[in-house]
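Structures given as structure tokens follow.
In what comes next, chain A is part of two complexes: it sits with chain B in the first one and with chain C in the second one.
Showing the complex of A and B:
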């Protein structure tokens, strides 16, 4: 596994640097041939975002936008995009990580101005769209932190840690999913499944009750909506280890949608690939589980109900009939329940009874 | 260091279990001698919370409250408190962790009812007050997660990991500060200081730029306001390793107060000890740094200004004159700046220039 992955990671790095070089070369070539340089990329306007039932994720359509140095209104975003590519190239080359916030402030070190952070964020998304690579590929990471635990040995590729390995069961509180983890190679595992969990309390409970060894699983804490690098990590676990991914969330529209974004991605990331795991399963807490297990529950708020009606119309929910069935049940019972609600049957019931039943039911 | 700490940890465990036993024995003895059982504890009402300038934290005064099984209005909270002690005893004995949310739902497994989670949270705080131990001591942990990185070898005391050690520099994204970490023994370190950091982006930057080795430091990510177990961990690092703690936050009233809560604790935890580190230093970003370093800054909002006036009257801000001086500067310049603002001088300026200057200035 290690050797194959190593070449895969080196290949990816070459691809990423290559995409920036291509962008730069294109500008130089246009200047050389005496024309105003332009950059074209798919449009991210709402009407150009379509759900692709085959890819099972949102994608961008045929519409393109062009930034031309000839157009006075384009000169600023064109220059900003060129700078973002330069800065990303420096980060990637020197293997330094950064954040969206850093990008905004770093611009000042280059006498490049952004009106506000929204403007610099947009330019970074332009760079993603123009190159097809996510900002994480260019070493620009978000703030959010999630975690992982289980029998997977990783080999680091970050500076100072090349050649070092870590088994992800070394620290029983879990280790952070950050730049070093997502860029690591997968060396060795005994796991035959991945279990993604929304909440920290349950993640700790699963570790304590040895779900990782009882169910040969790698446990991933999404800590609410899974950050993009966590979604990318889940996809890599699925594809490279060739093992299924099960998702456990609260039994409410928001938990359901955490699972959906892991499975089918978000409209915001329609210009990117490999951030979703189409074959991952939402294993619970389903609306029907609230009924079946007589869970302590709370009434749905108005905002929950509004959200359910939105999700009913969402193209991502038109595939597996499970989704629409569970939305209907939520709307019928008008109740929601948290994962912790299983504690009414004792702290270990969720691990001893519920988990094995649901793994079987959704595999 | 290890041997001394080991006995210290065993001693603490005995103390914790002992405090619950004492509470239970007291109730039994009262029943045996034919009187209605009562439990007395310090009052947590606002007028009984006083700032102690010697301890440099909030403490509870002389006023006590009593819960008596004789009083019909007390029967419910008395029973709930006895149940909370029973449940905590089970958790501690079986070495299982739990959350406040779990406690609320678990009660149902014992036919114990709480009106809502606020009620069960209050009873857990009663138990803390009656025993003088924090809920974390009874294995009831919060959801929030923070992280640590650096050359510190810890020895685990949690089930399944006894005898195992981990060096906290093993994973360059950092490892989570959870129940396993806070209950571990400190075995070996080369660090001579602790640096606590508010934000994830800067935590990663410090690791990448090798602040841990250049400055022989253990890096702690508070991820905003430091959770109680992180504050307890900082206190242990300070006391057991006998090394200073420096805190780096955003340059605004909220960042300043993150530092203050680490140093002088919160009124909410006035009934507890060892959650604050009175000798820790707020090393920046100060209001005066915004001026000195000409940092990109934003105007203070109305809510920021209101907060600064509150902090001016707060007893915790009456000690070191630094605090009042910086509050005055904030109010004068009417600006705030984030840690990332240093990126205007390049990504590594904060590590190469600012950090060494501030460490020197505040030591």
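Showing the complex of A and C:
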């Protein structure tokens, strides 16, 4: 098994480096034949982002853009892209990991400067689009804040940890979802479901209340909008362990959308695949729960209402009628509630009463 | 009961009592005014012979007189025309005596600058002035003089004659004055700098009481044509002047009278004018009645066909010298000048010369630096009251791609036989429509040129920036792609960089 794993990793590495080298060679050859180099890639402009109902996620359309070093406005980002490719190549070759923040600062060592973090992030996204690989493939990760807890034993594949295993219930704060975790092999689990939770408070409460054993579940903290690798991790849990994923968020348009992005992906990642879990379920807190459970709630403010109208038009919300129903309810009651609102019924109510009901309701 | 007594006072006395008029307001102003009057006399003395002026000014401390004022010895040496010995006592010892009451452009405006300085010095320190001068002939004359203020007469204390072995020519004035140099210093230094700007053919040296040397070297020996004395222009004539002309004329008829006593009036113009005013050409001038004289004056002002005064009585710097002067003192990156054609106000000819300078060593401030000159004298006070200040600030500079935070200096020079000062202080030009129009026209002219310069500069900068971007990034692309492709040799990108030059090679 270890050997097979190793060859899989080597194959992946060869593939990634191959595509980076291809990009470099393309630029080199153009320069060498005396023409300004160009790079074409799918356009990420909004009119080229389409929702694919079969894949159940956003994808990029047919439109491409061409970056040319002949263009005064392109030549700098073009150079940055070439640098990012070279930097990624080195990371991949040495099997080192880096963060987006790290990329921003590393550039300075190469005498390449980015105006700000946003600029360097955009270049990394360009590189993803141009090569068709996600930045995680190039060993570039965002700063981490999401976590996982539950009975799942993983086997590391990162250098120096090969062969070592870890049970994800071994630390009560949960285990950080970072590159070492997302690249690990899933060895063994007793869980039969995954519960993704928006907020750290509730995640901790669930661990304390032993939701993982009571409900045979792996708990994942998304910490707000789930980072890409957390979404990728959820997808792997679903696909490889073949267990359902339930999502619990605040009862407001923003919480609802956190669930939607896990399910249907984001427009920002339309150039990538396997980041969404189409079969995941949003289990609460629904607008109708606010009514049903008489939860303490706050009035929706203007931006909330504006957001709800936007979501109404969003193609991702056109599938399951649940979404449109809940949006309508929000607009009708004009109230929102946080997950913590269940505390009015005692600290354990949400775990003992609400959670089982909702899991049943959405499975 | 006492009778009211009417006491006649002498010119010296009058000016001593009213010394504010001549600029001797307080100790710091007095020292500035004294230097300025003597330097200007020296410049005139050299220019009248078209000699490149060499002027040496030394101010040395002679001890404290009171808490606010010190006594200084002021010495001014020039290489000008020199003064004939018989005129020396009156030239420096008698107020309102001098060569400046004729019709030509000169610097001094009161004819009492030098004398006022000597007078002021004498009153405050009770010491005589020393004048040494030679016209370059065999002898050098040295006088020690005081002024009898009541009688407005020079008192000669001492007189010496030396053999002029080295054929020296020029004038040395030395006298004692009470003042406050430290407070006057900024204005004095500014005065020298600006004087050097409009007299680029002069060497100016100033040694201050602390022994510091300030030197302004000439950058050219070219000099403007000295002004010529001229006849009065018809538009500038009043009844009084006309009566005096009639009194002295030898002409037997009006036609000849007009042709001989007025500036730029020839046979045709004179005839047209006489027809216009209904006066007979054969009329004897001395036979004109008082009413006829009045009619004549009125018509002289009304008649539109007199030719404008020519500029021979004026001595403008000219575009080249103005440019050289601004270049020398301000060291700008770019400069454009314009000289207007002669114009007149109330019969007095005048010429406006303007320059605008950008960049280089001109400091960036929040407003334009304006340098004002009248007959090659810097005007250092009351800038905001000057007509040129108003004109400059009335312009919509954005149209000319210029804004006040740019390093820009504007130089305006008016020369005239009678500079239209607004006040007795003679520090700013009054807002007369004729003058305003000329200033505005000159300004528009140079502004248009600076606009072209700005556009071109902007263009060149943009182009330079564009090329520098390619020159910066293309080699990096080559570097990165070579590594990434695993190649050894970098691709040659010189041709690519060369190809982005749209507009040919830059200077």
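Note that in this section the second predicted complex is superposed on the first by the 312 of 363 C-alpha atoms of A that agree within 3 Å, B and C clash if a C-alpha of one lies under 4 Å from a C-alpha of the other, contacts with A are read in each partner's own complex, and residues count from 1 in each chain.
The working rule: a residue touches a chain if its C-beta (ideal position, glycine included) is under 8 Å from a C-beta of that chain, and two chains touch if they have at least 3 such contacts.
Computed from a predicted structure; not experimentally measured.
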item: Which of chain B and chain C A:89 touches, first, second, both or neither; value: second
item: Larger contact residue set on chain A - chain B or chain C; value: B
item: Touching partner for A:31 - first (chain B), second (chain C), both, neither; value: second
item: Which of chain B and chain C A:48 touches, first, second, both or neither; value: neither
item: Chain B versus chain C as contact partner of A:216, first or second or both or neither; value: neither
item: Contacts of A:177 with chain B and chain C, given as first, second, both or neither; value: first
item: A:76 touches, of chain B and chain C: first, second, both or neither?; value: second
item: Touching partner for A:20 - first (chain B), second (chain C), both, neither; value: second
item: Chain A residues contacted in one complex by chain B, in the other by chain C; value: none
item: Complex interface listing, chain C residues touching chain A; value: 466, 469-470, 473-474, 476-478, 480-487, 491-493, 495-496, 500
item: Touch list for chain B against partner chain A, complex; value: 96-99, 101-102, 104-106, 108-109, 141, 143-145, 147, 156, 158-161, 166, 170-181, 199-201, 204-205, 208, 210, 223, 296, 338, 340-347
item: Touching residues on chain A, where the partner in the complex is chain C; value: 20-21, 23-25, 27-29, 31-32, 34-37, 69-70, 72, 75-76, 78-79, 82-83, 85-86, 89, 112
